[in-house]
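What follows is a short report on a single structure.
All chains are identified by letter, namely A, B, C and D, in their written order; residue positions are counted from 1 within each chain.
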Amino acid sequence: MGKSSIRGNEYQTKVNFGDCDPAGIVFYPNFYRWMDQSTHHYFTALGHPTSHLVMKEKIGMPIVEAKCQFHSPLLFDDIVTIHSTIIEMKNKVFTINHDFYKDGKKVAGGYEVRVWCDMSSENMKAVTIPNDIRNAINHTESLV
Amino acid sequence: MGKSSIRGNEYQTKVNFGDCDPAGIVFYPNFYRWMDQSTHHYFTALGHPTSHLVMKEKIGMPIVEAKCQFHSPLLFDDIVTIHSTIIEMKNKVFTINHDFYKDGKKVAGGYEVRVWCDMSSENMKAVTIPNDIRNAINHTESLV
Amino acid sequence: MGKSSIRGNEYQTKVNFGDCDPAGIVFYPNFYRWMDQSTHHYFTALGHPTSHLVMKEKIGMPIVEAKCQFHSPLLFDDIVTIHSTIIEMKNKVFTINHDFYKDGKKVAGGYEVRVWCDMSSENMKAVTIPNDIRNAINHTESLV
Amino acid sequence: MGKSSIRGNEYQTKVNFGDCDPAGIVFYPNFYRWMDQSTHHYFTALGHPTSHLVMKEKIGMPIVEAKCQFHSPLLFDDIVTIHSTIIEMKNKVFTINHDFYKDGKKVAGGYEVRVWCDMSSENMKAVTIPNDIRNAINHTESLV
């Protein structure tokens, strides 16, 4: 309700020549690269740029699971819009859903499960998602 | 039974500097790149190199679904062994499972669902997996 | 004269998390990926999208030489603007220069030498750069 | 003289499906990725694995210049051998040459200029190449 048509959890990218394989379609690991980019964009739009989190606060969000289903191939020069939504948030773990659209048609859909981690020592350690982040996500997703 | 310790469905790779991200661990889309490489290696070991299938016979194997779970991070210079097994084969679709090992310990596991496709025209078209391929897979996997 | 401040031969990209290496700076082969993207963008801005040239007309522009000098590292979330200029055009070969800017400061500079090629048969063959392309480039670069 | 036929400064890789573009040949930035890999391999063969240098000693070797010339395209499944040689070593800077061979024929050749850097603080700082590294290189290259 009341969300504008341009939302922080929309990320747009273009299919580059080098993203495509000899079959002329996107080489599929690039979809996961774009999911990763869209997750970073999500937190930036939330007011918590991951470049700051990662480089200054030594916080990381390593992946424990990622899945994607591919419905239609993407081609060189296609414009892709990714809608990203955090659909579940536990104490230290969250799941972010990513739907890929081309010309308004869903072409792929997947998710990532990520862990909030302190990377300041050599062994990264899962930590509780801080309240300011948690509140910002809840507000964006209307989870509360 | 009777399988040698070095199997066609084992693929080995090394984690390169450029495969790792600012957190010092493998950037996760690379796991899918390695699953892709291991699938190509699987068919090559079967006697059906995908370079021949793709470039000469215009056969492709686009992905309809891929998932991976990550148990332990991989680091620069780690040696990774991937065990790849076709666990399901339908008329035009197969599922290939990939388990990642480092020093004998499973660090990640995933699968790809792929469709056998004729790529000779502009619109790729799913076709029946040919009998010689099917037989070679059945023989390797002892599915029959 | 009379060129607007936003020019077709300016390409902008953002440094993603996955573009950076364990040293926290851009993994250098990505600069060449961006040079490639900027060249494709250049032809698209010229009215000759390479997606059309490559996929429909079977024209390619393989590289025969590429060089880049790196003055300052780029970091995660940096915005990079690439100014691309065709500085030499022979019968079948052209040189495109790429300068990388961050916050108005040049951080890297390089070039690609590319050959206009007919890719319709298995062996690609260098061909003369067509007049409409040549004229569009001359007009953009004020080479004439 | 007296060097064996298998040398530490030879690095071998295979062209993967995902390394190739819609033109069916290697997407050219990958050559720089392979130059980077071959440089890392060079130091590992020298007895100074860069994974140790980078992760433990906080030493990096950022690039200040890289150039490559491409003579023949590489195709999916090609085996590539890279001969890497340090051809110049100054106080803090060295140049490493990389020649790419396929079936004994040179297909590409380039070089990287790299700076020995202390990455332990936020601003990396060029430092003198240590004597043990310098001696190992001189011995390998018969520069002395």
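Convention: contacts are C-beta pairs under 8 Å (C-beta built on N, C-alpha and C of every residue); 3 or more make two chains touch, one makes a residue touch a chain.
From a predicted model like this one, the values you see are computed outputs, not experimental measurements.
Asker: To get from chain A to chain D along touching chains, fewest steps?
Answerer: Contact-graph shortest path, chain A to chain D, evaluates to 1.
Asker: From the C-alpha centres, identify the chain that is farthest from chain D.
Answerer: Most distant chain from chain D: A.
Asker: Tell me which has more C-beta contacts between its two chains, A-B or B-D.
Answerer: By the number of C-beta pairs in contact, the winner is A-B.
Asker: Express in whole angstrom the distance between the two chain centres, defined as the mean CA positions of chain A and chain B.
Answerer: Inter-chain centre distance comes to 25 Å.
Asker: Compute the distance, rounded to whole Å, between the mean C-alpha positions of chain B and chain D.
Answerer: Here the centre of chain D sits 28 Å away from the centre of chain B.
Asker: Considering chain C alone, which of its residues make contact with at least two other chains?
Answerer: As it turns out, chain C has residues touching two or more other chains at 17-18, 22, 24, 27, 29, 33, 36, 54-55, 76.
Asker: Can you check the complex and tell me which residues of chain A touch chain B?
Answerer: Of all residues in chain A, those touching chain B are 22-23, 25, 27-30, 32-33, 36, 54-55, 60, 62-71, 73, 119, 124.
Asker: Per the contact definition, I'd like the list of chain D residues that touch chain A in the complex.
Answerer: Residues of chain D touching chain A: 17-18, 20-22, 24, 27, 29, 76.
Asker: Residues of chain C touching chain A in their complex?
Answerer: 16-18, 24, 33, 36-37, 40, 44, 49-51, 54-55, 75-77
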